[in-house]
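Okay, so chain A shows up in both of these, paired with chain B first and chain C after.
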Partner chain A sequence: MTQTRPWVPYLLILPSVAFLALLFIVPLVQTIWLAISDNGAPSLANAQRMVNDINFGRSVQNTFLLTAVVVPVQLAIALAMGTMVAKIAGGRETILWIWTIPLAISDLAAGLVWLSILQNTGYFNSLLFGLGLIERQTSWLSYQTPVALFIAIAIAEIWRGTAIVMVIIVAGLNQVPKEFKEAAEIFGAGPWTRFWRITLPLIRPALQSALILRTVLAFEVFAVVYALGGRNFPVLVGEAYNWQNQNQNYGVAAAYAVLIMVISLAATLVYLKAIKVDPERLP
Partner chain B sequence: MKRLLSFGILASTVLTFASPSLAQTVFLSTQLRPIEEATVVREELLQGVGDIDYVVEEPPQFAVRMEAERQAGKHTISLVGALHGELSPIADRDGFEPLDELAKKLADGGMPQSLLDLGKLGKTSQQYIPWMQATYVMAAHKDALQHLPEGADVNTLSYDQLIEWGRKLQEATGQPQIGFPAGPKGLMARYFEGYFYPSFTGGVVRTFQNADAAAGWEKFKELWAQVNPNSTNYDFMQEPLAAGEVMVAWDHVARLRNAISASPDDYVVFPAPAGPKGRGYMPVVAGLAIPKGAPDAAGATKVIEHLTMQETQLLTAQRVGFFPTLNVQLPPDLDPGVALLAGAVTATQAADDALISLLPVGLGDKGGEFNKVYMDSFQRIVLQNEPVADVLKAQGATLSKLMTDTKAACWAPDAKSDGPCPVE
Partner chain C sequence: MSTANPAGFVSSRRWLLWSGIIALCAWVLVPIYLVALGALGGRQGVYQWPKTGLPMGISLDPFLLFLRTEGVTQSFFNSLGAAGITVALSILLGAPAGYALARYNFRGKDSYRLLVLLTRAFPLAILALPLTVSYIRLGLYDTIIGVGLIHTVLALPFAALVTQGIFLGVPRELEEAAWVFGCTRIQAFFKVVAPLALPGIVATAVFAFVISWNEVFAASVLTVRNRTLTAYLLTVLSESPMHYRFAGGLLLILPSVIFIFAVRRYLFAIWGISSK
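Right after this comes the complex of A and B.
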């Protein structure tokens, strides 16, 4: 069948390719052109504007710092959660379901939830006041408390984004054959050795996907930070948004967008190289 | 069957695209967006002027949509209502029908010429018709009044008195009690352009980096020591005011209204403080304009005429708290909160040392970057504690380039200029 009509597979993927080209490639090319042109001529003026802006250095630093803190913590928590849930026989689905609730909440809503906890008149201050630990409202999210602000944003991000990592890792753990572990157990390997030598290498593909997905999303962090930190904690996507919406300079906004894309692509490449997946295990 | 189905889909698609919302005049507005206010517009303010579709859009999306319709040449919007600064970029690209005839009629009907001139946006023909106006005032909880420094009157505050008041409030309550809307969506830039700079330097652009400005920034740092640090998160001061996070606040009247209307007996509303050069203040003007290529320009003109009628203007003030652009007396049965705000607006305009700062004219689509110059200066000088002179020099260079690029001439209170407004 496919021998006689070799064009059929191409025909079948044509709609998706056309769809992507129309709604992804075209805007992508337009954005890149917007970033590297000025009044219709090629120019680096937008990139210069971006780099010389007072919030550029801070937003790069904040974005990387947040990614560097949030992603490993999420990975560790997700691995722990995944391993724990694997041992549970009854009620496993219910626990997974509860753990994935944050996934169902939009970024901005998650940010607002944490804002209502951490703002001056929020639940956290009420709790501290009730326990007699503070005498009056304390600010956690102001420019004068950068460490508390950073921790607050990191916690909110960890709360919101761990579920997606966990879901992928649980899927990976489910594919690890029981026999391997049993064999290792017979040869006297402890739980720690089994985890390092058997589980972790076998869930590499899942780890790779989870890390790529989560890191790219971490570089694109915006709504949670915007709700909690606003002007006090500039991040790359936030700056792109400000240049587009408030300063109405689409060129500099495009330069930020291209920068974020380059960083994300570079991070993906690093993961693809660093966490090698055995080609035989690929589908 | 299959063929019939695909025919049906095709037919319905064609119909969807082919039938425009019949004979409706689309009125796109960036103002009166909240659902309560939009309902007032639809059900009360636009009653009896035909079939009007009142659509609201946030300012950034408004700009994008207008530019998209202009570039595509396919117009669906007949009338726009937006702020002076939001209409300016569109007028810059010749996107509006001239409205000179209508302007002349309104001038004869009692609309102040100075206000109408703003609607020219620095061009020779009338670009928009002033629709509603507002300004910025200060509001304080009545409990704060007992801490007013001796001899100070809230209606004629100076910066020194405000600082002293803030210090006493902080002493009494243990927390800074003054608030500014310096959050990402707050209107803090307008504070610097319309209040701080005119009051301390008598100018906005020309005087950006002079000695008066440097002294003013030092004074502002003193004030900031009494300002709640959460101010960089505040967008609408009515929220922290109503929540009791701050007792004294500066903001746009529409962004104070909810707190004050909710309990008018608890608040006093008064003009912003005066500096060495006077009591700077900035009017806010929302205008109505007809885009070039509007499908129903005649209907749009009718709506403008209706909205600028005396009765409609008074109804607007009463129902949504924006003030008339016509020279009319507000009715005595006004909502008590709106009446308080209106009183402060009158007190501001009538103050002996009042110094009006007009809205920027001729900046085109660079209005956002103009605001950024002031906000970046604020961030560097006040929040990051950088040396005032260095920051003003660097930001002054940016401002100077902006003025040269846009060729915008000076506007009040800066002295008139021949070419682009210079940064001295």
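Right after this comes the complex of A and C.
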């Protein structure tokens, strides 16, 4: 609106640009260089050490499996929550507030919460014992029970991470004009058809940002795994952490970091391509 | 069947809906209740078998004992400090950018938005790995300021985008009216725009706080002695008794849940799209 002082907006964004350049772009370049160099010369030694490490294959597999299980379940629960809450009038605010609580809970805390339930003398075993399904305390979180450990970590992640998807989905659902639904109803579309043909396409922008956010976070999974299974369940970020802090090998840690970034970027691109969003409707 | 007994059909559907809602509420709340029982039950509570899930034998003493454990209170305050720095920096740097995005058209606006959105595609906490070396050189390693800086990288893009939405929600006409009455741009901003935008900015600040409070990876990589609460809990995890772990979990959960409760009205508006 004021063209007399065209430098004003630049002055306003400059501090944040400078900050992001220093603490986002520079470390990004540093990470990549650390990963693909050895003693200051370009080399693939770090990548080779990473790939040949005993935990590499398992950590890749675990991270992908976990993401593949957790993200769709979270999306489904979030859509169910959004659909349910749209049908009620009274108590809507309270219910939404309860469902958003996990948004404020860290992945470490979520791991500890589920540890209290799933540890040997925990509530889950007590319940099974009370129902007569087990005779002794059963261990679910050891390296001897990899499937149970996987399910436990997935449950903790679903418990914690669904809230953010729900918030984005509900915000998207609130934007869908009622007229569309009413029109579809008049033309005889059942609830299922309405959901797939009307609601889902209309909340595409929300779906897209929720999926990108959650998938990138899912590939970063770390503390919840550590709290529940210690080192029994290697994941990518956990390996980066171990190489950095235990082995003091910053090169291999950086190689893991680059791998995680490439996977996250690839996932983002897939979502951008797969869920086309009209740029005019971007929030 | 619906023609025979429409009322019964409707009420059974309502019943199904409400049982689903209540089940999902329980799914969120019961685990928090159980970890609180674990935190307040102490050592005996952990080994009690089988557990009833009822609040028996609990007291605040085990939790207070945990708080007095070496390193807990210090790391608690370190977390508060890092979160405070994150809040201050992300609002101070993010809000002006949000205002520029909301009120001006300028060349490079789209590139700026792209830079901000690009950060979303990256696992940002991982950038702490190379920072270790630069931080040691700059004297920022193992300091709360250093942790606050990397947490600001996480919170700043969020703050810029959310404050853009908040400033867009303040009618431009009000600001222009203030100019007509003789305010300078800066006066108009602080007298007219800022008061109207304040609740939204406070809510953004709360989110920045929660982002920093909950972050584990970067804080663990960049600190040794001045650990934040998450970093402290992560490093002592394997040698702590169970009830200490649960107490740590509860201590992590309490402040952020209270803060989220305080801004619950803004939760959905903040996610870019208002829930009118």
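Just so we're on the same page, the second predicted complex is superposed on the first by the 280 of 283 C-alpha atoms of A that agree within 3 Å, B and C clash if a C-alpha of one lies under 4 Å from a C-alpha of the other, contacts with A are read in each partner's own complex, and residues count from 1 in each chain.
By definition in this document, a residue touches a chain if its C-beta (ideal position, glycine included) is under 8 Å from a C-beta of that chain, and two chains touch if they have at least 3 such contacts.
Just so you know, these numbers come straight off a predicted model, no measurement behind them.
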{"item": "Touching partner for A:Val167 - first (chain B), second (chain C), both, neither", "value": "second"}
{"item": "Touched partner set for A:Tyr226, first chain B, second chain C, both or neither", "value": "both"}
{"item": "Chain B versus chain C as contact partner of A:Gln144, first or second or both or neither", "value": "first"}
{"item": "First, second, both or neither for A:Gln244, with chain B first and chain C second", "value": "both"}
{"item": "Which of chain B and chain C A:Asn39 touches, first, second, both or neither", "value": "neither"}
{"item": "Chain B versus chain C as contact partner of A:Ile54, first or second or both or neither", "value": "first"}
{"item": "Superposition-derived comparison: chain B or chain C, residues of chain A touched", "value": "C"}
{"item": "Touched partner set for A:Ile88, first chain B, second chain C, both or neither", "value": "second"}
{"item": "Which of chain B and chain C A:Leu23 touches, first, second, both or neither", "value": "second"}
{"item": "On chain A, positions contacted by chain B and by chain C", "value": "119, 121, 137, 226, 230, 244-245"}
{"item": "Contacting residues of chain C [partner chain A, same complex]", "value": "17-18, 20-21, 24-25, 27-29, 31-32, 34-35, 37-38, 46-53, 89, 92-94, 96-97, 99-101, 103-104, 106, 108-109, 112, 115-116, 119-134, 149-150, 152-153, 156-157, 160, 172, 185, 210, 213-217, 220-221, 230, 233-234, 237-238, 242, 245-246, 248-249, 252-253, 256-257, 259-261, 264, 267-268, 271-276"}
{"item": "For the chain A and chain B complex, residues of the former touching the latter", "value": "54, 119-121, 135-137, 139, 141-145, 226, 230-232, 242, 244-249"}
{"item": "Complex interface listing, chain B residues touching chain A", "value": "60, 63, 89, 174-175, 182-184, 229-230, 232-233, 243-245, 365-369, 371-372, 376, 379-380, 383"}
{"item": "Interfacial residue positions of chain A with respect to chain C in the complex", "value": "1-2, 6, 8-10, 12-13, 15-17, 19-20, 23-24, 26-28, 30-31, 34, 77, 80-81, 84-85, 87-88, 93, 95-109, 111-117, 119, 121-123, 125-126, 129-130, 137, 159, 167-168, 170-172, 174-175, 206, 209, 212-213, 216-217, 219-220, 222-223, 226-227, 230, 237, 240-241, 244-245, 250, 253-254, 257, 260-261, 264-265, 268, 283"}
